[in-house]
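Labels A, B, C, D and E are assigned to the chains in the order they are written; within every chain, residues are numbered from 1.
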Amino acid sequence: EEQQPDSGTEQALTKVKVVLDWTPNTNHTGLYVARDKGFFAEHGLDVEIIQPGQDGADKMVASGAAEFGVSYQESITMARIADVPLVSVAAVIQHNTSGFASPVAKGIDSPEKFEGKTYGGWGAPVEEAVIASLMQEKGADVGKVNMLSIGDTDFFTAVQRDIDFAWIYYAWTGIEAELRGEKLNMIYLTDYSDKLDYYTPVLATSEKMIADKPEIVKAFVAGASEGYEYAIEHPDDAAEVLIKAEPDLNADLVRASQKWLADKYQDDAPRWGEQKLEVWTNYADWMYEHGLLEGKLEAEKAFTNDFLPDKE
Amino acid sequence: MDGNAVDIPVLTVRNVRKSFGKGAAKKDVIADLSLTVGEGEFVSIVGPSGSGKTTLFQMIGGLTLPDEGDILIGGKRINGQRGNVSYMPQQASLLPWRTVAGNVELALQIAGASRKEAAELTSEWLGKIGLASYGDAYPGVLSGGMQQRVSFLRALLSPQRLMLLDEPFGALDALTRLSMQRWLLSIWEANRRSVLLVTHSIEEALLLSDRIIVLSQSPAVVLDEFVVPYGRPRSDKLWTDPEFNRYKERVYNVLQESLSKGTGDSHV
Amino acid sequence: MGNNRIPWRKIWPPAAVLAALLAAWQIAVSAFGTAEYILPSPLSIAEEGINVGPRLLEHTLATVGLMLPGFAGGAAAGFLLAALIHFIPGARSGLYPLLVLSQNVPVIALGPLLTLWLGYGVLPKLILIWLVCFFPVSVALLSGLNDTDPKLRNYMEMIGTSRWTMFWRLELPHAIAHLFSGLKIAASYSVLTAVVAEWIGSEKGLGHFMMLSSSGFQTARVFAAVFLIVILSLAMFGLVVLAERICVRWKPDRKGE
Amino acid sequence: MDGNAVDIPVLTVRNVRKSFGKGAAKKDVIADLSLTVGEGEFVSIVGPSGSGKTTLFQMIGGLTLPDEGDILIGGKRINGQRGNVSYMPQQASLLPWRTVAGNVELALQIAGASRKEAAELTSEWLGKIGLASYGDAYPGVLSGGMQQRVSFLRALLSPQRLMLLDEPFGALDALTRLSMQRWLLSIWEANRRSVLLVTHSIEEALLLSDRIIVLSQSPAVVLDEFVVPYGRPRSDKLWTDPEFNRYKERVYNVLQESLSKGTGDSHV
Amino acid sequence: MGNNRIPWRKIWPPAAVLAALLAAWQIAVSAFGTAEYILPSPLSIAEEGINVGPRLLEHTLATVGLMLPGFAGGAAAGFLLAALIHFIPGARSGLYPLLVLSQNVPVIALGPLLTLWLGYGVLPKLILIWLVCFFPVSVALLSGLNDTDPKLRNYMEMIGTSRWTMFWRLELPHAIAHLFSGLKIAASYSVLTAVVAEWIGSEKGLGHFMMLSSSGFQTARVFAAVFLIVILSLAMFGLVVLAERICVRWKPDRKGE
């Protein structure tokens, strides 16, 4: 909406909304680029990016209050089990970049060192299960980890007090630590378990959208894909687009994060956004085994690659 | 008992009974009370404290229903019906957030006057009772006496057929009280509105009224009706008349007698 | 008075209104075919509530355990502060704005600080509840203390009543109606505040339960918790009303209500 | 002017001035007022409404400071100092949330009595004034007259050397008023406490007091001091004495005269 | 009275207290060497605030634009509701619990519903503010309306005052002190509520700014916004106090305060 592309089709654009999963950050850069560089407009869409309430995007997308949303695999899995008809249409980042971080001084460089330490999280069962899985690999006992709920307090505050390690996205919190010159030990989930290499975040829509307006879904995913590809190729420029759109963001952090993330969006996949069935089944099975799901996921229905643009 | 039997009296209270509370706590306050106030008649009620005079007024005003009996105004039964009387209570009851003039105007407007009429009448009369300069003041800065005078004015100017005055001059100093009585007398004798006055002062009752009704201790009944033998217009130096003390003593003795017969709980 | 009669007369009208509301809700949800995960029907909320009954009870108890000391502490703090401000000459104008200020430091800024200073125990949560509850109590009490009948004050001053006696015997009893209206507000807020406080980090309680249920798309559970919150709130409110009735015996019966 | 020149008077008011407001709104209420109340003396103040009697009491009670002049109790200057008097105000001023007994007890406790003393004294005296059965009632259910009687009792039982009574019987009915006056007289004549009474009733002043001080309209000065010629103990039928009316008229005329000389704003 | 003198006499004590607090804060931060990202010093907050001044101003205006109609609408709704409940016999007992209930539906349950029904516009946010602001106004006004001087009521009834006149001329003026104490509470809450409402999805406003700053670890900016929130709140509070002074002219001057 800021720069209407002169090349764009002149007939009326279709208005659609995309709801973010959290405050704007480098996970969303592709969407901002697609909007502000006119990629969406080229596909006949006028996209409004909406920042979410406390409750995220999922329900709004499922109910049709917004057409698209930013979500993540775990959430869509749970949603589908609860009969909420969400479908993932693209993986924003190919591999899980989250992990357990702690100041190096604490010496937590391997999951077995969690023993006797205090973990600060949200109090969700999935956290304990993930920590347990990692520790299992090293034959350590999750029962010896002290679990504390820290709610919304940020990582840096938490480790000042009571907390030894917490779960972060490296692209954001980890990069911030680099910028501050604070050394972190990072234990990535993917390093210890393939099953935990789930997609986070993803772009989602509802089954109804797919059934009723597949062309709009196609247009949206195509635009987003161009946006993220632009971000992959021009991280510096893409960062500026995001900063311009959301001037209140921490600009230094955005630039550094963008640079770190540029080659993580697509990574080893044949094209940006590609999702694999085994990633969906693996994680759902893992969740089910750990009692985190009340049913079995029909993984084929949870995602689709059908709307991704064909690689030329 | 009733001087104006041919005309319909302005107020008729007929065999009224009233008690408060229920069961064991039940307390008869008024036991079979009848009285009338004729057109243009000035009637006073004298009775001991707690004999139910305020309660009687509340029934006439329609605030409480008598347990038995009727209250008629102009021959129409008005048990429990409001707005038929103008009223001056024991305590001034001026709205503290309205100016003196505003208080008077409000009463007139409630009684049906237009804003303009009310304002004119009020400023005219505030002057007449010597409170012109207090028209824009709030009641809070007035002394108790002045407040009561405003309260009186408010009742006087309202157009209803019956005025109820509940111990209206009790808070005035002796001097102002006398001059107010005199003044009320002169106004009243020129207009002859129907008034029912509760007073604790036998002198005041003698000076102002045509008839004095003496109530007993609660449960109240009419002990005596005393027709005041003075003609009209009356002299305001009535109290220097040697007969006056005799009349006063007579009413006093009626009251005194009833008290010694009563339960005596609330009196020495 | 008839102390036995009042409760029924008082309870059925709101109960009727509530029942009507619930019925309308049930019908509306069926009629419009609203999705379960957005707005479940009262019946399915009840069903789900019963299903997870024992766990819900546990969480409820945890919340109550946070709310009661929170409310009591907040009310006490509000009372003390108002009394203090009332007693110290000039304190009213100096401190009143600080009271207002205290209501305006958002949790997003305060949470981390409290955590930093007090750790992750129950204390920072209690402080958050105190912070919310003390305010209406203080404000209401202060305005009550400032509103004493001048005639009564004049009498008490004439006979040489000490400042302290004046407070206990005249000003406070006079302000009691105000105090209770402040307590009612604080009571109404105390439950929800406890729930919000649980969001800043807690392993149990209705707030925690709602958070997890919501992220698990179990909206019926969220609403079951909402029902419990509402019930707790009404109970707190009722307790305050009861306390008021016990404290204020001298008011003459009103007609009408 | 002062009958007890040798003894130190209980109360001395010396050349007191008081005005309210500032600048153009300034209003002189008391202009150079002096008076004394001797040990065991009963002094009444009579003056028109708004003449500053309540203001004078507030200065004696220490609530407001005189602009000039001194107030001494027992020879000690107490300008602005509280707790030296017991007090009965114009309006009953009972705490509505305390029972009748509780109200009286509170006053005694404030004056220094122990809880037990206060309770005993109160229940004893409530009986004496015929209000025994109302001890546990809240003031709200009492009639205006009863409230005022409780208020009087409260002042009477307090131990301070000087009692200030501000129009204490104004709200009582004639009968109770007379019986209360009589009763007060009998108590007082047995105990001889020092009393300063504001009253609007010249009769009351004549009946009760040793001296009557007549105040002018505001700004108030002492117009006259009238030593009441009746001895003690006094008959309560004083008002039937033909001389009584003469004394009454004399005080009345002093007041009347001053009013016609005054600005006359607040009087007809 | 001296209308010109009062403001100064009223303003300096809280200003002094605030200044003392800020000074203590500055010194404490320097003394303990607290990390900037946890608790920045007042000076660095001010500096950062000036740096992002124009944007901060824009956000502030957006919040004010949400807060003012929110407060006004909430207060009006509170007033109307209280009046309604007061007028309809039996409504008090029937509806009062619903008022309490309305304060206890957490945003987590209500937010999605409002968004679903009303979209992402300004309306759901306004409704949240109304919901918070109407309550103290209603409760305070109701308790005031119920507390009229019986002597005055008796007089008005005797002369046959209509229900309506009774309300406007007696009950409401009497309740005005209560009303204003409710308005003060509502005003104190209105700013923060607007900020919280912005958290349920907004592209501008101080709430949005705080959210982004907080997730970007820019604590000084968060606190700059907190300062603005506090200032706005005090301004709102001051406006209500001013309005009270204008409306309640008849109260006699108090000694002391």
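Going forward, contacts are C-beta pairs under 8 Å (C-beta built on N, C-alpha and C of every residue); 3 or more make two chains touch, one makes a residue touch a chain.
Just so it is clear, the model here is predicted, and its values are computed rather than measured.
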Mutual neighbours - chains that touch chain D and chain E alike:
B, C
In how few steps can one go from chain A to chain D if every step must land on a touching chain?
2
Chain pair that, of all pairs, has the most C-beta pairs in contact
C-E
Dist(centroid_CA(chain B), centroid_CA(chain C)) in Å evaluates to 50
List the centre-to-centre spacing of chain C and chain E in whole Å, with centres computed as mean CA coordinates.
17
Chain A and chain B have mean C-alpha positions lying a whole-number Å distance apart equal to 85
Contacts with 2+ other chains: residues of chain D
91
Going through chain C residue by residue, note those that touch at least 2 other chains and give them in order.
38, 108, 112, 116, 211, 214, 252
Chain A touches at least 2 other chains through residues 55, 59, 63, 154, 157, 160
Go through the chains and record each pair that touches.
A-C, A-E, B-D, B-E, C-D, C-E
In the complex formed with chain B, which residues of chain E make contact?
151-152, 154-162, 165, 169-170, 173, 176, 248-252
Sites on chain D touched by chain C in the complex:
57-58, 61-63, 82-87, 89, 91, 93, 95-98, 106-107, 110-111, 138, 140-141, 158, 160, 164
Which residues of chain D touch chain B in their complex?
46-50, 54, 90-91, 128-133, 143-146, 167, 170-179, 183, 199-202, 239-240, 242, 245, 249, 252, 255-256, 259, 264-268
Mind pulling up the chain A residues that touch chain C in the complex?
55-56, 58-59, 62-63, 75, 78-79, 81-84, 120, 122-125, 147-154, 157-158, 160-163
Applying the document's contact rule, which stretches of chain E touch chain A when the two form their complex?
35, 37-38, 52, 55, 59, 107-108, 111-112, 115-116, 119-120, 199-203, 208-209, 211-218, 221
